[in-house]
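First chain A sits with chain B, and in the next complex the same chain sits with chain C.
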Partner chain A sequence: MLFYSYFKTLVGKEVTVELKNDLAITGTLHSVDQYLNIKLNNIRVVNEQKYPHMLSVRACFVRGSVVRFILLPPGSVDVELLHDATRREARGG
Partner chain B sequence: MAAAELIGLEPVQAAAGGGPPLDEEESVIATFERVQLVAAAQDLGEGTLFITEWRVFWLAAAAGYSVDFAAIVMHAVASDDESFGKPCLYCQLDSEEEGEGGLGGSGSGSEEEEAEGEGGQADVLPELRLIPADAAQLDDLFQAFCEGAERNPDWSEDEEEEGGAGGVFFDEDEVLAGAAAASLGVGDVEELVGQDPGRFEDAEGDEFEEFGQRRRAAAGGRERQPNGGC
Partner chain C sequence: MSGGETGLAQYVDTTVSVITNDGRTIVGTLRGYDQATNLILDECHERVYSSKSGVEQLVLGLYVIRGDNIAVIGEVDDDKDASIDFSAVRAAPLKPVTH
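Let's look at the complex of A and B:
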């Protein structure tokens, strides 16, 4: 739940989502749900030589289970808050 | 036709009434007329798209296919050369036949490549393009696929979260209890101190003294060390 709560705070920010099939997409985070399904707008594909046809994509929906990494905007990472939240979650879990 | 099946589309026959062959407890939620299907760069022509609780049917006079929402890795609104420059719904499918975790873990990557190399299929990307004749349908189509994916989270998560309403990991009481403890600032230190109230007291003596004690002990002294040894 921590990831979901945290990613919700990133809505409207630019993130890069890397899929398990190596496709990496940068876009504005439109929404995220509890399965970490992710909707992005204003997309560009990072590794476009491998996926040239993805250039024309406007909006996309990525299934949470195929996400390998999410690269966060550095300015949006509140280390103190995350530290606190992870500790709380670890204790609760 | 082979290309469509290669990327994981299930060939289906239309039911008697011309609609999709539904299972029990399955129903058509939305229908999109005149949707062209391009599967793995092969144009299959125009057909009708049926969306049910857990899968998508595409039926045309010549052929019919279905694919589960759970196998759709991502979908996007796009327009490119292979959709003839027209706006389409671009879908990527899970490329592993029965991978337990969607696209599989990092370890399976090399095996997959080897298998593809042997079969000579390395350049078949598991992707679909759905091109509605009426481009205005595209947003509805995108939305329908989003809802379909949300209705069909992963199998493994279903198993782990039995009884969890919509995948909520903590119930309200648990969250409030955690928040209350945190706001009081209790928990951490008390837990760690446990049965040992002196745990975080300053160490008695310094290294120099300990060294002295040890030397005395080594010298044959039987005196009890205040720190209980080491």
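Let's look at the complex of A and C:
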């Protein structure tokens, strides 16, 4: 649940989600759920020339299982804090 | 900020564009969904992208898509969609999802 909580703090920020089919989508993070499914608003696809498949899409739901990684806005992560929290969680709370 | 609703309720009865794990794009009206992202899509068609010719549209009808196979569900702007000349759009098909 740690990363779920962490992503909830990023709501409203602009992120880029890269999928496991190499598609990368930039948009404003609208919401995230327990499966790390993600909803983005005002999206644009990185390299629209190559990927015109979502030209008429303005908002989308990305299934958590197909996310490869998420690019965060600079300064949005306190690495020390997250590091400590992950270790605490690994120890079992 | 805790964020908005992550469910698909706001997409119900609107046009959605679904990208499946094998790279297909299916456009239709979302009629229902569940917590596993299984979808019911009404009056849907597949858009077949090709780098050699324009987009081909195949009529599919009513589909139920299993959540496991879904990558992205996009909310389609109908006006913008209608303004696109798909016969002129050329693009390689999307790659399948590899886990």
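Definition applied: the second predicted complex is superposed on the first by the 91 of 93 C-alpha atoms of A that agree within 3 Å, B and C clash if a C-alpha of one lies under 4 Å from a C-alpha of the other, contacts with A are read in each partner's own complex, and residues count from 1 in each chain.
In the analysis below, a contact is a pair of C-beta atoms (placed from the backbone, for glycine too) under 8 Å apart; a residue touches a chain by one contact, two chains touch by 3 or more.
This structure is a prediction, so every number in the text was calculated from the model and none was measured.
Once the complexes are laid over each other on chain A, chain B and chain C cannot both fit and instead clash. By the document's definition of touching, neither partner reaches A:V46: not chain B, not chain C.
By the touch criterion defined above, A:N21 lies against chain B and chain C together after alignment on the C-alpha atoms of chain A. By the touch criterion defined above, A:L72 reaches neither chain B nor chain C. In the superposed model, A:M1 lies in contact with chain B only, and not with chain C.
Touch criterion met: A:H30 reaches chain C, while chain B stays clear of it. After overlaying the two complexes on the shared chain, residue contacts for A:R91 are found with chain B alone; chain C is out of touch.
Once the two complexes are overlaid on the shared chain, A:V62 sits against chain B and chain C alike.
By the document's definition of touching, both partners, chain B and chain C, reach A:M54. When the two complexes are laid over each other on chain A, chain A has residues 19-21, 23, 33, 37, 39, 43, 53-63, 65-66 in contact with both chain B and chain C. Here chain A touches chain C in the complex through residues 8-9, 11-12, 19-23, 25, 29-33, 37-39, 43, 50-63, 65-66, going by the rule given at the top.
By the touch criterion stated above, chain A contacts chain B in their complex at residues 1, 19-21, 23, 33-35, 37, 39, 43, 53-66, 68, 84, 87-88, 91-92.
Chain B contributes residues 72-82, 90, 92, 94-95, 101-106, 142, 145-146, 149-150, 153-154, 156-157, 166-170, 174, 178, 182, 187-188, 191 to its touches with chain A in the complex. Those residues of chain C whose C-beta lies close enough to touch chain A in the complex are 1-6, 8, 11, 17, 19, 21, 23, 25, 37, 47, 49, 67-68, 70-78, 80-81, 84, 89, 91-92, 94-99.
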